[in-house]
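Every chain is named by a letter (A, B and C) in the order it is written, and numbering of its residues begins at 1.
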């Protein structure tokens, strides 16, 4: 973002925060979840720019969520900021370790391997009775620097926390996109062999992106866990990853803003669809996705049609 | 010893199930390079179709064999119709676009079809146990094995043999192999790739539906079966190598035996054994067991 | 007489029982322009790949500026000052020409550590300045905002070479710089390249199939055949060599004198 873009974004976040005073509760709830998910989508965008589509971001989402739930249950720590940080760091650590393996894969195999890893976690969680198996378990009620809000106060506090985390993430990721490591995403996507020959380690670049997306996924999951008050293995299921990918398409993944705008859009459409046509909301979502792919290249165009440009451009 | 035998049988049955489900998917991927998420829908339609067929046929005093046949035919008809509609109606619109776009289109189709199932069959579940009962059991030593399960193994073996023979020895099979190997060159030689795509997609759809029909008596035919099956099929295909039928067979066998072993010996890991195997295989052979990576020349 | 910038001794590469290169011993003084000729499969690309670290030699040594670089990975070798361009131009199609070179420059200037990569902007003053300079030198400035995917072939090749020159390498290997270029344009292209490289303290080694280009621009010629060097000398001498004529270039008509590179 150019400077005016950053100012616009900051204003947007401030406006969103101020809106808490006028919006009805259900909207604040929806926005909270949407923004938390937006963090995961932001992580997807970081990878997407480098040509990598992860079908397993749910892994980090789930790790962040369960970390919060477990720490709350085992240690009684309830400070929201601490919990969210723990969630993000846990997921980041896993992505760091996993990254050594994952950074070697591309295209469909990257997608499949990331999918496999998230499904492994799912399998583990479902079979673990002490973690509630398929039912999951509840999350401790968060406090904020010693202050324990209730009801509406809690709702707004969580909302503001999510907004604050998103704003910081947005600024940091945007700066990252302008740095050497971040900006090299597109060259890597276009022609990673040349990037290597120019002297930059592509696997290290990708490893960095994997960690960033892991941390973002974990933060999102942690915040979602606090907002919803419950975690379950479904957070690691492939359909959860699919939703995040869906949002990325809907929004168009060129920069930071779409992650949150797209997420808000998705949550709104989903709630709306669920309210109007509870039996057919998947059909609605699917149709929206299909129509977007077919007719709204802006959402997709600049990213997807160039996603594998090197295949389409013929070398004379 | 009994446990070892039980593991073997269970493993083979599960492998048969995986292979039947995965063969259509790997075929479509091999020829069209599309990872078809809607494959889960073919399976679902096949299962529900079989449920309908069973409901119509069984318990009327008609010979059981006819029931099995009806199930299969009905499911495959559904697969044919669905495959045609999907390929000609939707996929055709996005050919030439990026691979990932194609996958996402199939994902969209899958979402839509999930609800079409509700529209047609409602949200309830169907019990289709009659064929299972009709097939009866056989005693092997201390184990009681279901004939239906054994039949599954036979069907899978037949399917593997037939597809192998078809690909290697029929004219169409060899055309298909050419297209799998290099679409552009095949087209340059005059092969009508468009037609090959449609036929392949439809065959894949029919196989997927057949898989659903065959499995229907063993499972509760209800919402969400497609969701589970897709990831399993993906895993088998990834293990075996995309587009490789031998790979799908070997992958199914490996996963089947491993999972059966897990169920009997280490139940905690049963659910994710398949993904663990997949991760391991991809570690050693990044493109699956049977497919060679194409190195890029500069 | 200063030490040679590149000293290759008894270099060889075998793949199982197939010998791609053998007994190559060559010494290049700094800032020399060397042409490499030979039929396809003669070992030229293997030679280049071994120098750039893309292939690990199975025998022999390579010394760059008196340091042993034999078997080092390509990124390390790039970092030491050896760069290459490609027979098929390897560029970034979805970026503009300017961005292409800027990326190359930024990588060339990038600090060594990951943290540095994250903290340094891509379009730093340094990188932008170098990109502008290179655009001028290679005479592709008027394409600066054009998407690389839409470039004509000649400009692609120049861009590819320009990217290799970013970061000021001291040894530049050009793999068939004029391949895919029409006959009328080959000379002009090579002229632009050589002018751009003049006064940059670069030793150039270029692989070429067009003997006239070699005569015109090389100070020295290495002739490869069957994995090894069969002739090494001035263009005039090498191209007059009977073996070279028999195996590589074909017989020549008598030509006017004065074909030593005088760029």
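Basically, contacts are C-beta pairs under 8 Å (C-beta built on N, C-alpha and C of every residue); 3 or more make two chains touch, one makes a residue touch a chain.
Note that the coordinates shown come from a computational prediction; the quantities given were computed from them, not determined experimentally.
A.B. asks: So which chain ends up closest to the centre of the protein, judged by Cα positions averaged per chain?
C.D. replies: A
A.B. asks: By mean C-alpha coordinates, which chain is most distant from subunit C?
C.D. replies: Max centre-to-centre separation from subunit C belongs to B.
A.B. asks: Just curious, how far off is subunit B from subunit A if you go by their C-alpha centres, in Å?
C.D. replies: A distance of 31 Å separates the two centres.
A.B. asks: Just give me the whole-number Å value for how far the CA centre of subunit B lies from that of subunit C.
C.D. replies: 52
A.B. asks: When the C-alpha atoms of subunit A and subunit C are each averaged to a single point, how far apart are the two points in Å?
C.D. replies: Chain centroid spacing, subunit A to subunit C, equals 44 Å.
A.B. asks: Where in subunit A do residues touch two or more of the other chains?
C.D. replies: Residues 193 of subunit A touch two or more partner chains.
A.B. asks: For subunit C, which residues are shared contacts with two or more other chains?
C.D. replies: 86, 88, 90
A.B. asks: Using the touch rule from the top of the page, what residues of subunit B touch 2 or more other chains?
C.D. replies: Where subunit B meets two or more other chains at a single residue, that happens at 298.
A.B. asks: Can you check the complex and tell me which residues of subunit B touch subunit A?
C.D. replies: Of all residues in subunit B, those touching subunit A are 35, 90, 93-94, 97-101, 103-105, 107-116, 118-119, 123, 227, 230-231, 234-235, 238, 242, 267-273, 275-276, 278-279, 282-283, 286-287, 296, 298.
A.B. asks: What part of subunit A is in contact with subunit C in the complex they form?
C.D. replies: 176, 178-184, 186-187, 189-191, 193-201, 204-205, 208, 306, 309-310, 313, 315-316
A.B. asks: Quick one: in the complex, what on subunit C touches subunit A?
C.D. replies: Counting only subunit C, the residues touching subunit A are 52, 74-75, 78-79, 84, 86, 88-95, 103-104, 106-108, 110, 114, 116-123, 149, 153, 163, 166-167, 180.
A.B. asks: Using the touch definition up top, name the residues of subunit A that touch subunit B in the complex.
C.D. replies: 53, 101, 104-105, 107-109, 111-113, 115-117, 119-124, 126-128, 193, 238-239, 242, 245-246, 249, 279-283, 285-287, 289-290, 293-294, 300, 304-305, 307-308
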